[in-house]
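Each of the two complexes below includes chain A, the first together with chain B, the second together with chain C.
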Partner chain A sequence: MNHSFLLIIALALKEFLALLRDKSSRFVLIGPPIAQLLVFGYAANYDLDNISVAIYNEDPGIASRELVSRIEGSPNINVLYTIEKESEIRPLIDNRDVLLVMHIDSQFSANIAIGESGVVQLLLDGRNSNTAMIALNYLRDIILVLNEEWRYQNLSQAPPAIIEERAWYNENLHSQWFIITGIVGLLTLVVTLIVTALSVAREREQGTFDQLLVTPVHPFYILIGKALPGLLIGLIEGAAIIGLAVWWFDIPLRGSLFALYLGLFLFLLSAVGVGLMISAICITQQQAVLGAFLFLVPAVILSGFATPIANMPDMVQLLTWLDPLKYFLVIIRSVFLEGGGLGLLWPQFWPMVIIALLSLAMAGWLFKHRMY
Partner chain B sequence: MSFPVEVSDLSKSFKSGARSIQALENVNFKLSRGQVTGLIGPDGAGKTTLMRVLCGLFPIDTGEVKVLGLNATTDAEEVQSKVSYMPQRFGLYEDLSVQENLDLYADLKGLAVEKRAECYQTLMHLTGLAPFTDRLAGKLSGGMKQKLGLACALVVPPELLLLDEPTVGVDPVSRRELWEIVYQQVEETGMTVLLSTAYLDEAERCAEVILLHEGKVINQGSPEQFSEKLQGKTWLIESEQLTPRQLQLALSKRADVVDALIANEGVRVISGSTEVASIRKSFPSSIELKISAVTPIFEDAFISLLKKQGLHEVKTAIARHKEKTENANEVIIEVDNLQRRFGDFIAVNDVSFTVKRGEIFGLLGANGAGKSTTFRMLCGLLPLSAGELSVAGVDLRHAADQARQKVGYMAQKFSLYGNLSVIQNLRFYASAYGLFKEKQKERIEWAIEAFELGDYRQANAKELPLGYKQRLSFAVALMHEPDILFLDEPTSGVDPLARREFWARTNELAESGVTVLVTTHFMDEANYCDRLVIMASGTVLAQGTPLEMKKLAQSDSEVLPTMEEAFIYLIEQQGEDG
Partner chain C sequence: MIDAARYQRLSGLIRKESLQIMRDPSSIAIAFVLPVVLLFLFGYGVSLDARNIPIGIVVEQPDAATQSLTGSFEQSDYFSPFYFQTIQQAEKALEKHKIDGIVWLKNDFARALFSKHDAVIAVRVNGVNSNQANLTLGYIRGTWLSWITHYAEAKGTELNMPIQLEHRVWFNPAVSSRLFLVPGVVAIIMTLIGTLLTALVVAREWDRGTMEALFVTPLRNVEFIAGKLIPYFILGMASLFLNFFLAIWLFKVPFEGSFWLLLLTGSLYMLVSLAVGLLISVMAKNQFVAGQIAIITGFLPAFILSGFIFDINSMPPAIQFITHIVPARYYVAILQTLFLAGDVWPVILANVAALLIMLVIFTRLVAKKTRKSLE
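Right after this comes the complex of A and B.
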């Protein structure tokens, strides 16, 4: 028993040394995660901060001035131009100087004053429909609020229904909170998968696998020796990104750390299982990298990392059950934002246990049957 | 323009990380027109670098290189158009047919279309590739590939032909044919050939030899000039009472013996002086020695020249003496009708042999003969397609893990962890063989001591010199004191000195009762084996002791043929039978 323990240590140590003493594989562990964290942390953002706007106000009245000042006061909107002729509109939009032009009709204030509808025209740059929709929503919100206030003042009567918004868990709906928590899952998956998927293939390529197989070491121990480094590296990287999320990106961590790390552990265990399966099948490192990406890309899409699972066709939704990243994303977002704990997240844990057990067993089987 | 190649004061170094490697140092030589010059030296001597400098592929640090009257560094393109260079791994397109490869090189060399038919015909005839013009180059045997490579290099007969180790790993028959092609070309077109080789017997086929060692030219001259210096210092020593191996072990430890090599039933010795009385006296009077003078060959000169270059004596105290078991004739390895198929290709067919305890048993054959496949099956690395085998009573592929404790394995290619240091590799493999704590420390110290790895403890395994890589692999294979040792092409790519060192160690192991199974494509190494099988295209051609093999091929003359001659004879016999 003592010897088995020492043997596993020796095997895992060998894996670590082979990995860390090589400049390029050291880089793979550190470079891409940092790059991805920066890209996703800063560049990937659903929020629009600086909507560039031009205002064409033909109405000198009070109501229009009130509207313009509200828009100028919005933190998300940047009024760049105030124009006076209709002919100025087209060049501004064509040259992408502004995303939208707001045209206030000359009768706007007058109409409001007599209790009729004033017309505001929004001209949007539809070339990027996504951005245009978001910008439109911001302006719609401002006008909605204004509408309600005016109606209240003029008619001395409360509007029939008012929307009171409260976003729970992510109070200001920062999309960064959503993305960076997702990154923890994504990055640890990439690193763990690559580390384990390459490990056997590298040994096959260099001929060291044969040398290992002629020793009395049981393949089961070799498997454990290969699984440990991936697991440990994944845990360390995961912890580092969680730390950055909390201290650098100021994302609140409200729930149980234990639940989070148990989730991370189970998640990594299934990633290691998949990685070892790929490794057992592939003969060259090139095949292994390809195999890893063959798993990674669908795993990310199906996890709901970026697009909601509810949008997927029913058949595809069934497939997402096989994706360990799906469960882990629920866990990490819940623990971070919602304050989730073990009790709440139980339904996410057991599927990962099953995936981990199945993939590891499968890897072990493949290992034995593809040893040459 | 009297010499096709004139090299003066050539130096060339490479940067490898922080270190700088002096590949060539102050090299001076001239090549004579219309003859074959051999470039001979151990691995890492700078042969390939020199070849590449000659065809203008490498810039040089200092000196001057004149090829066909041109400066190889400044007029590289013009030099390349006049010179044909065949690198070690010739750039054949494996997915093109033989004919398409030839066409490609004819296009590259700008051979006129109307001249091609005639040129192809002669080349195909010369190389014996005519029946295979439609075959993909990737599907040719090693020897045929080399011949095709040579044919491509000769599409337009160049003034100067540079051949970099054209015969490495090629079977003896193809080797002989390659030489014939080269000589025919030299005679017909008067081209100048520079050929590098690691096979010392090939040196004798050259008109002149340049001996390169550690980037320096040690000597240049005809092979006879080299061996003349050893006239009267080469002997064959035989004894009835001692086996050749015991005799060699005793002789190689003497200071007045430069080299001792097992040959046929005795030991071939190069003595320090022309006097051998002291050697005779050193043996007890009960042992009768039969000492006869033999003619020196190039290899003798090579070894004695390099040994003078400050090479140390080999430490051979590596084996612990095992209790010789009473049943010394016990069969340790048994192979019965072994077969291995890959798809419809039969790599190994109907191979049977037995190996007894304490024997050195050889698997001899060219590349692609099925040696390594047989070997991998024996080690349990590859399942059998048919047949049976047992190693120490079990099939290693299905046996309990502990059965592998008895076996040591050294792969053909260096296969230890290149990123790990020497000491880390040793530690890991010691653990893998179940040696921990005190026992581990002890064995690692032993390995470093016995294989003289002390200077390289912290060096990454992949950065070791070739000879040290081989030592480290050998140390790993012996870490757990195995009873059976599998050595797959242990001497491939290793220079003659390291080969001697290797065999000295192996002999000693065998003397201590370890069973050794070894594959090799060096025919002369068969002399070290107690018994051997010769393999060709997956089947066993013959098996028995080296002497029996040679006797098979012996004609009426008194002279015993060499192993290589015996091998060629057996191959030709098989051709006639089939």
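Right after this comes the complex of A and C.
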């Protein structure tokens, strides 16, 4: 027992040395992920705070001036152009100079004065329809507020039902809170997967894997020795990124740390399993990098990192069950924002255990049976 | 005579690279399998357009008014409502992610409606995914607005909103996120082929020690670069054709621009990302480092910093500055314009100019770093 323990330690040490001996390899493990977290943490944002607008106001009345000044006063909106001809609209939108043009009808103030509706038309650039819809929502909000105010001013109409809204867990709806918790999972997955995917392929390419197999070391120990570095590097890196999320980005950490780290451990275990499986199949490092990629890209897309799983068709939703990142993202977001703990989250833990066991077993089998 | 020798050296290297591509199934997989997988995932799988959002409805005192309001939630495509007796039950369901939001009509709702008091519709949403939460709130507001107008009409009082908002979304009137995601994915696939594949090729020669063998050949630097690039350029363009065909034929993305412009800008972008890949490759000298750098500087920025999903204008100024050195940014703008808007020359020329500048800078750097020398 003691002997095999020493064997595993020796193997893991050798793996670490192979990885960390090279200065640039050491650097890639630490520098880029941190830089990425900082850049993407600020870049990946669904909130619009600089909506470029052109206003085409045909109405000389007071009401339209009030509306325009509201739009100009909004912190999220940047009125870049005031145009006077309809023919100016198309080039502004076509050339992406503005995201939207707001057209106020010539009868706008007159209609409001006699109690009818004044018409405002928005023309939006739909090349990114998500951005267009978010911008539309912002303008709709401004107009909603104005509608309420004007209605209260002319008290002939009783106020109708009103809406009182409250968002749970992310009270001010910061998209940063959602995205950064996702990036923690994304970056640890990338690093762990590449480290483990290359570990066997590197030895195959250099021909040292055969030597390793003919030593009296059991393949099971080789497997553990190969799995340990990826697991440890992933854990350290994950912990560092979680620390940055808490102290640099000020994201509230409300739930159980134990649940978070147990989740991280199981997630990394399944990532290592998949990585070793890829590594055992591939004969060259190039194949291993590309193989890791073929897994990584769908895993990120299907995880609910940027787009909700509920919006996917049923067939695709079934596929997401195979994705370890999906479970980890639910765990980390729940622990950070919803104050989740083991009790609420256990349905996310056991699928990762199964993925880890199956992929590690598969990798061990491939070690022995795929020889060149 | 000299030209003939040069031609022979170049074609020899191209032949060697092509054979390496053909013999290794992984390059072919990246060029042809990954695009299909990605396009399918984005075309069919990923959508930012929510439908059938599960919401909980709590009505404390049902009557005709509340029934007509809940009826309009039931008729809406955006929601699939679940009914709860008490707000506590609904909140439990919200905690367990069974529903994404709650619409709560308290027991004085009907009495307060159209009286001097406000009838309050209390709305709760799970804000963890803020984008989704904003959209859900927007849909709830829309349902509420059309309901009060109709309800007032039915009651015989006309309820004119002072401002009536109309909107038209150009280039994508049905507001389908697929139409802008698919052209964006084409840009990402081209980045992958150009940057990731080529990043590995020179690093591989170093790893295997065949770089020294190449040193002793009369091969010149320019020939070395051209020989490495040409096979991958052809691979990338073949993949562009496949992507274009799938986008148009399978996903029914309209193509308003002209095909020759797509080809021209496509080859330009391919050259830029090949140059980036080679630069990484020449500097990294081992495949592990080259792979990591290609993913981290090529693929992830193409995803996040290119304006493909996230709006560049809303990023902080320092990050906006960084997006200018991400080539994918320019190509995403070109592709979304060519597919959905047509040949809008100011957009295309500006982005082509930016790509040309990047091409010159990156090839310069590659030429400078490719010294055939042992360190």
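Heads up, the rule we're going with is that the second predicted complex is superposed on the first by the 319 of 372 C-alpha atoms of A that agree within 3 Å, B and C clash if a C-alpha of one lies under 4 Å from a C-alpha of the other, contacts with A are read in each partner's own complex, and residues count from 1 in each chain.
Rule of thumb we're sticking to: a residue touches a chain if its C-beta (ideal position, glycine included) is under 8 Å from a C-beta of that chain, and two chains touch if they have at least 3 such contacts.
These numbers were taken from a predicted model, which means no experiment stands behind them.
Looking at the superposition, the partner that touches the larger set of chain A residues, chain B or chain C, turns out to be C. Of the two partner chains placed around the shared chain by superposition, chain B is the only one that A:208 touches, whereas chain C remains out of contact.
Of the two partner chains placed by superposition, A:106 touches none, neither chain B nor chain C. By the touch criterion defined above, A:44 reaches chain C but does not reach chain B. Looking at the shared chain after the overlay, A:82 reaches neither chain B nor chain C. When the two structures are aligned on the shared chain, A:22 is found in touch with chain B and with chain C. In the superposition on chain A, contact is made by A:10 with chain B only, not with chain C. Once both structures are placed on chain A, chain A residues 22 are touched by chain B and, in the other complex, by chain C.
Note for the complex: chain B touches chain A at residues 376, 379-383, 396, 401-405, 407, 409, 411, 413-420, 424, 427-429, 431-434, 436, 460, 476, 486.
The touching residues of chain A, when paired with chain B in their complex, are 3, 6-7, 10-11, 13-14, 17-18, 21-22, 206-208, 210-218, 371-372.
Of all residues in chain C, those touching chain A in their complex are 24-27, 29-30, 33-34, 37-38, 41-42, 44-51, 53-54, 69, 94-96, 100, 109, 112-116, 118-135, 137-138, 140-141, 144, 148, 152, 157, 159-173, 175-177, 179-180, 192, 196-197, 200, 204, 207-208, 284-289, 291-293, 295-297, 299-300, 304-305, 307, 309-311, 313-316, 318-319, 322-323, 333, 336-337, 340-341, 344, 346-347. Residues 19, 22, 24-25, 28-29, 32-33, 36, 39-40, 42-52, 63, 67, 91, 93-96, 99, 112, 115-134, 136-137, 139-140, 143-144, 146-147, 150-151, 157-171, 173-175, 177-178, 190-191, 194, 198, 202, 205, 282, 284-287, 289-294, 296-298, 301-302, 306-308, 310-313, 316, 319, 333-334, 337-338, 344 of chain A are the ones touching chain C in the complex.
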